[in-house]
Amino acid sequence: MITPSSPVLSYRDDFSFRNSPAAIRRFPFPFTEDSYLYSVNIEPATSRDPGSIYHCAFDIDEHYRSEMAERAQVLDKDPRRYLVLPHMQVAAWDALQLLMESLAGDYPQWFVLNRDGERWHWRNLLLDIDQHFVFGDASSLPCEPLEFIGRQVQGDFALLDQRDNDLFMDAGIVTSPADWSLAFDAGMSFKQWHSPVPMAHQMGIFERALKYLLNLQTGQPVRRLNWTLTIKPRLDSSPETFHEWGADRGRITADNVGQEVHLRVELQVMLRLPRSNAVMFSIRTYLISLQELVTQPGWGCRLHRVLRDLPEPIADYKGMTRYRQTLVEWLAQFDPQS
Amino acid sequence: MTDSLNAALEQRHSLPRYQAAPLGANARQHLVVMQSTAASAPFVCELEPAQVLNAEHPDFARRLQQLLGSATVGSHLYVMGDEAFMWRIHGLARDAGLEEQEIDLSHTLSGPRQVYCVHCGLLQAASPTAQLACLGCDVELEVREHFSRRLGAYIGVCRNPDQPYAGAHS
Amino acid sequence: MSRPLQVQVSATRMLTQAVREFTFTPCSGHLPAFSPGSHVQVHLPLATGTLRNAYSLTSDPADNRHYRIAVRLQEHSRGGSRFLHREVQVGDTLQLSAPANLFALHSTASLHILIAGGIGITPFMAYIAALEQRQANFELHYVYRQGQSDAYVDELQQRLGTRLHTYPQRPDLNRILRERPLGSHVYSCGPQPLLDAVRQQANALGWPAQRVHWEAFSAAQPGQPFDLNLLRSARQLRVGAEQSLLEALEAAGLNVPNLCRGGVCGQCKVRHSGGVIEHRDSFLSPAEQAEFLMPCVSRGHPCVSLDL
């Protein structure tokens, strides 16, 4: 249960991040089968299972204050993690409106939004923010709208401009990427920014996904899960800092697998922003150490089989080459068949 | 080409595509910008009517600004030279309001290309080899097969995180 | 697909002798925000069955208190516009489908050239509200018949001044489109011949297709009644003369995804396998039409089998 005085844990330096038993139970374990294959695994983002990550539009969990402190650190050290191309101002305000309305609606005990025409009053009791501003006037906020609201909601956001029958990544706030760079990818089309993903292009995955997203209608959000592995509970596993964390992949041993290797699951929500017609792509990251993960019945066994049989190009792309064998061997103990 | 090479190229959607000959754009005015006389592509003489600029000319910068500033819709731009030159002009053309489809690039000179160091954000000229030490932060970079048209550059990422810096020898 | 919106007609006025404007307010809650160029489908409870017609939202997207549409009376049609002109009064409630946008502004354009013919002015009313707020460069070229199809012209003259150009007949499109600065985009809406002429002239001047945008107002036309055989649900239906195939499906409780109701957007595509099909859409290629049809406008005889 999150409160304004909840402890702030860290995703760097001493890596004090841990999941409570409740957080472990609600963790979105993504594998429904013993093997993993790409698909356009999109479903309508309807509210379900109260208490789960799917209940509210933008999930606030026990790590809120920790994550917002981490975001502030990343942005202060590297402003390139936030970018809004000039033509995306309307989309940025669209995103601010959507996020404020969602948070105030889903969590009225922590977020309050009052409006009188264009004069808005926003309060965030968890971070002690009390802000009057004029909607549409960036000078009435302490920083630009996407950054202002982005510093108050968990997850990364990319705003995609829809034009020429394509989507372009023209704005975003990205401080917890699984190894991609907003600063580099900004301005790219859908297929261009997915260029590094192996195998999926030949399967026509991106062709179908793009068609689907171009057709998103307001009020009908969709979602999917994406997954990878991270060493240590490092949210900022960006290319920007790869020279700092990349070496961790070479330090995995049979003794430290459980505490060092983390499953990283992204809840991706895609929705149509109503006034700009842009697409919002939100990426909400959940981390769990393997030693926490295996406390849940069946998860260790399933993960063993998925990682054991994962095609090599996909395993390489997900960065697990150096420690995959050690990891699979460790997971075997949770698989009755091995 | 073999199937695996086809497949490998198929997934490199961000990589630039260069034209050896014009794609038959439906343009009324042809704008030609070449890095040097040596950079000129054979098809230039087929483009009528055309305004031609050569970057070897001392007044090139001003003439280019004037060309792009006075161009109207219905123009098609052809750029010829090495990668670094082509993408610099491409960026200026986009800023002036030309769309991607209105710009053809012909890679007629070998020469440097631009690399973006993802660690410090520095855009720097680099040879076509796959490796370089970043001029800004000294990280030894691997230049990847991932290209940004906006930056006109390939991405350079730390090649060996176990030993990230070029200067280190221990 | 999302639930329809319940709205009340809060005001109506005649903009010309043939064009009636409706203002809708929500029966409860708020109206969803929309982007300029969006349209809504109005569900029209005719005696012969429910029709759904698509109309552009003319109101300011920044004002979420109401929606506005402007409907031109079409004499030779299935009766939707007649119903709206003659039967609907202030205080009545109607159902609308949530806004959808098939005619969005191009966000990186530095000059928006708008060309409207007659009732084609409607999406541009929302456009100019948004463009003014964004302080974007634009100009509006409006061709209309005085007193007949000149909706909003007084208001436009006041608001736009020299940015408005009006014409009693089709203007010299060459003059409008030639020598335009880089970054210009052209948008046209109105009768098909106007849209075709704009595209032709743009092409002749070397404009690439990506700079040319248009919205055609097309809708289902009446035809002969015919039978439907739904293969997967093993049902037989009848499509009435005034009813579209899509409306017959909807009346039977089948919800096929759809957006434009006019055979343009491709959303309602359905596989067919029997019967002589009368394709009336502007979306499918001839090769595709051998396998698929667009039920919002197309018809067939004597009995059409569908993979539904």
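So that you can tell them apart, the chains are marked A, B and C in the order they are listed, and the count of residues begins at 1 in each.
As a convention for this text, contacts are C-beta pairs under 8 Å (C-beta built on N, C-alpha and C of every residue); 3 or more make two chains touch, one makes a residue touch a chain.
These figures come from a predicted structure and were not determined experimentally.
**Student:** Looking at mean CA positions, which chain is nearest the middle of everything shown?
**Tutor:** Most central by this criterion: A.
**Student:** Of the chain pairs A-B and A-C, which one is connected by the greater count of C-beta contacts?
**Tutor:** Looking at contacts between chains, A-B has the larger number.
**Student:** Go ahead and note the Å separation of the Cα centroids belonging to subunit B and subunit C.
**Tutor:** Inter-chain centre distance comes to 42 Å.
**Student:** Please compute the C-alpha centroid of subunit A, do the same for subunit B, then give the distance between them in whole Å.
**Tutor:** Between these chains, centre-to-centre, one finds 33 Å.
**Student:** For subunit A and subunit C, what's the span in angstrom between their mean Cα positions?
**Tutor:** 38
**Student:** Provide the list of subunit B residues touching at least two other chains, using ranges where the numbers run on.
**Tutor:** none
**Student:** Can you list every residue of subunit C that touches 2 or more other chains, as numbers and ranges?
**Tutor:** If we look for residues of subunit C contacting two or more partner chains, we find 210.
**Student:** Which subunit B residues qualify as touching subunit C in the complex?
**Tutor:** So the residues of subunit B in touch with subunit C come to 25-29, 68, 71-76, 96-99, 101-102.
**Student:** Any idea which subunit C residues touch subunit B in the complex?
**Tutor:** It comes out as residues 110, 177-184, 203, 205-208, 210-211.
**Student:** Mind pulling up the subunit B residues that touch subunit A in the complex?
**Tutor:** Counting only subunit B, the residues touching subunit A are 7, 10-15, 116, 118-119, 121, 139, 144-146, 148-151, 155, 157-158, 161-162, 164.
**Student:** Write out the stretch or stretches of subunit C touching subunit A in their complex.
**Tutor:** Residues 1-2, 32-35, 37, 61-62, 98-101, 104-108, 130, 133-134, 210, 267 of subunit C touch subunit A in their complex.
**Student:** Quick one: in the complex, what on subunit A touches subunit B?
**Tutor:** Counting only subunit A, the residues touching subunit B are 80, 181, 183-188, 191-202, 239-247, 249-250.
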